[in-house]
Amino acid sequence: MTAATDALAPSTLRRGASRTGARIALDIVFSVVLFVGTIVGVLALVTLIWTILDNGWERLVADPAAFLTSYVSRFPARAGLKAALVGSAYLMVLTALFCFPVGVGAAVYLEEFAPRNRVTNFVEANIANLAGVPSVVYGLLGLGIFVRFLQMGPSLLAGALTLAVMSLPVIIVAAREAIRAVPQSIRLGAYALGATKWQTVRRQVLPAALPGTMTGTILALSRAIGETAPLLVIGLPIVIFSLPNDLRDPVSALPLLIFDWTSRPQPAFAAAAAAASIVLLALLLAMNAVAIFLRNRYTIRW
Amino acid sequence: MASTPPELSITRRKARTGERLIVNALFVCAVLSVAVTVGIIAVLLVDTVEFFRESSLFEFLTGTVWAPGQGAGVDGLYGVWPLINGTLMIGVGSIVVGLPLGVLTAIYLSEYASPRVRRVLKPTLEILAGIPTVVVGFFALQFITPDLLRPIFGADRVFIFNAAAGSIAVGLMILPIIASISEDAMRAVPSSLREAAFGLGSTKRQVSLRVVVPAALSGIAASVILAFSRAVGETMAVTIAAGNSPKMTLNYFESIQTLTASIAQTVNGEVAAGTVRYNALFALGMTLFLMTLAMNLISARIVRRYRQVYS
Amino acid sequence: MPEGRTPVEEDEERHETRIADALKARPVEDRAAAAAETVFRLDDVHVYYDRFLALRGVTLDVGKNDITAFIGPSGCGKSTLIRCLNRMNDLIPGARVEGKIEYHDQDLYGDGVDPVEVRRRIGMVFQKPNPFPKSIYENIAFGPRVIGMKPRSMDDLVEQSLRHAAVWDEVKDKLKQNALALSGGQQQRLCIARAIAVSPDVILMDEPCSALDPVSTARIEDLMDELKRDYTIVIVTHNMQQAARVSDRTAFFTAEAAEGTGDRTGLLVEYDRTDAIFTHPTDKRTEDYITGRFG
């Protein structure tokens, strides 16, 4: 027999077949492992949401109006979200007011006006680093500078400034991406008409970059609302029986309340914490839905 | 030479100072970010120095007991190692949970999943990433420990607050980071490499494990370091789930305390400004800041290096 | 079958016939008149990108109300040169111009010259139409607003510009619609209208028809003939027949490799009245190009 037919001899084929069999088995095992590995994450999320709902749904629907409009109390059945919810709302609006203009301004400068030199590189590297600083360290910044050095005390103002500083790098990155997505041909068209750089940026680039920037800002704010550590560190109160009238007034926040109730031993407080978590998650869901809606509706398809 | 009629003159006419002011204002916005960093460093440094003026730096770096005093004087023990121990336990534990799950998810998304599955899976991961940490902490306390760890390992072995629950909680939070960055790295591997391997008769498994993952390794490594940095900085979930007992241990079923949890616990109680306990906060903050800064820089360098490979 | 003619020669003859037809199709008056006034005077202009010499030794005049065409193969610096005429080249990092470019006896690159003022006088239409992602009305109104024109009626100015660019009838009922919804040819005429709205002195066109279909191209070529009554036009084109059809004077560029580096530097070969260039070019390189033997 020749070498060629040797290769096709039954014995050879059988050897090859067993190698193939082992290969196929490994392939199947691997696919299963992949699937399991992926599904665990999904399952965890589902379990988490289920746990929250299971623990908190009854508490929430028992008397939602009372839950949302009562202040805190020693008695879990009477405790409510009022101060915390309103506080979080005020914080979010004020935070947006502080960090949106500064963040967009910084992004515009870095993308459109900054010369390519070492100073610019340093500023960019600095922003990238800030994005990775733990939120609790931002809390310490807030405590040392806003609460104590500038003597704002644990107030709405201090809280909003702290959250704004924390959200700043995220907004800058989002705005820069949106500005970068505007094609250069638009800028060239404007320059060729005799528009100055700022006129071009203000009237063509920024409006075109606005949807993407808004989406990024809303996402950054939704992260800020869920943050507890910075507000805890600057000392915002959990027990408070009034709503803020002034920037200097103390204010509570929803995640702070959830933390407090979770830390209490009574099971009824666990239910209250879960109910509050449902409210927080619903709020986040609404914000993200708005962000996605904005992105889908208003993004320019070049 | 006849003078040019004014409508054809091209010399600068208006000063345009308004525009220059605006650009300056924008520059200030950009520089504000540097001010933030300076502010962080200044705030941490000032009170850290204060702290070490009253408490021993030597003890801080070598002591194995962290027991802050209640009074105004230096009547507590401030050795940082139990907190570093706790932080590292959570860090490593969360990587043990998050890395395999994250990489497997990334491989699945990058190499196996159909567009329809991707459209569902990616938002799911984003939702997981968006769950506030207090809520994850609640989940750890109300489900992971009582319904997962205790049934499996025994209620007498597993403390109510334990490092394992904290690790799982944080692991779930960093899973999306690892999955998303690793998936990006894998997708960046040129398809020509895959096609070459397929052409030689490899199966999808072999291509994934022998071609794609090794090629994306630096991206995966960067994602791990970034995730570890995030785990180190994580506060609320570990405070709720892992407890507030600083100690030197390797038992994951015991309660421990991390750097972040120690800060949270201190501010949660009454602490007067200017006391050693107060200043200790900033010493811990400085430690955290330096740790995460180092890790973020390393991760960024790895990312930059791997991006060059394909450009 | 005619004897002694190779397919290549047949092809060349067809090509020459097309050019001749194009020349004949031009309006009679243009063929005789010489340019009354010089708008641009270029003297030994070199253009560098960092160390790379993209274009060397260009000397030519552009006449008022002329249509001047820059033709030549790819990569010989035509677009680079036209971008220098309205200082759009400034926007490319590392770009540097040596030599003299005079605009109405003013040094275009002199001290005290404001590129923004330059671009108000010298407009540009780009290869790929680039309307703003706004309404048609806003596209036209943008220019006058930013340069501080205060027309008695913006509506009238918009209408005039659109009429002058031969696109008014197609868009007059949808001025509020997004400009990106128009067809390619309409978008390009919109860009021409946009350029006209600021009352420029010169309109530069960088291959304005290369992204368009033949029908749109023909419309724009017809338009150019009307436009030159009010504006001076300089056009870069890859299409020789187009140059032959519309331009009064034509400049032919080519690129030559530098010794050693292999980098190709553009240079001006020949510049003359269009019919002269196409019927009796003086340089062999010009002749090779227009007879289609290369490029």
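By written order: A, B and C. Residues from 1 in each chain.
Going forward, contacts are C-beta pairs under 8 Å (C-beta built on N, C-alpha and C of every residue); 3 or more make two chains touch, one makes a residue touch a chain.
Just so you know, these numbers come straight off a predicted model, no measurement behind them.
*Asks:* Work out the mean Cα position per chain and let me know which chain is farthest from chain B.
*Replies:* C
*Asks:* Taking contacts as defined above, which has more of them, A-B or B-C?
*Replies:* Answer by contact count: A-B.
*Asks:* Taking every chain's C-alpha mean, which one sits closest to the mean of all protein C-alpha atoms?
*Replies:* So the chain nearest the centre of the shown protein is A.
*Asks:* Indicate the whole-number Å distance between the mean C-alpha point of chain A and the mean C-alpha point of chain C.
*Replies:* The separation of the two C-alpha centroids amounts to 50 Å.
*Asks:* Find the geometric centre of each of chain A and chain B from their Cα atoms only, then give the gap between the two centres in Å, rounded to an integer.
*Replies:* 14
*Asks:* So the centre of each chain is just the mean of its C-alpha atoms; given that, what is the distance between chain B and chain C in Å?
*Replies:* 55
*Asks:* Enumerate the residues of chain A that touch no fewer than two other chains.
*Replies:* In chain A, the residues touching two or more other chains are 196.
*Asks:* Listing for chain C: what residues touch at least two other chains?
*Replies:* Only 117, 121 qualify.
*Asks:* Mind pulling the residue numbers of chain B that touch at least two other chains?
*Replies:* Expected reply: no residues.
*Asks:* For the complex, which residues does chain C have touching chain B?
*Replies:* By the definition above, chain C touches chain B via 103-106, 108, 112-114, 117-118, 121, 201.
*Asks:* Using the touch rule from the top, collect the residues of chain C that touch chain A in their complex.
*Replies:* Within the complex, chain C touches chain A at residues 86, 88, 91, 93, 116-117, 119-121, 123-124, 126, 128, 130-134, 142-143, 146-147, 180, 191, 194-195, 198.
*Asks:* Which residues of chain A touch chain C in their complex?
*Replies:* 116, 183, 185-186, 188-196, 199, 203-204, 207-208, 300, 302
*Asks:* Provide the residue numbers of chain B that touch chain C in the complex, in ascending order.
*Replies:* On the chain B side, the touching residues are 1-2, 4, 7-13.
*Asks:* How about chain A: which of its residues touch chain B in the complex?
*Replies:* For chain A paired with chain B, touching residues are 23-24, 26-27, 30-31, 33-38, 40-42, 44-45, 47-48, 51-52, 55, 101-103, 105-106, 108-110, 113-114, 122-123, 126-130, 132-141, 143-145, 148, 165, 168-169, 172, 196-198, 222-223, 225-229, 232-233, 235, 255, 258-259, 262-263, 270, 273-274, 277, 280-281, 284, 288.
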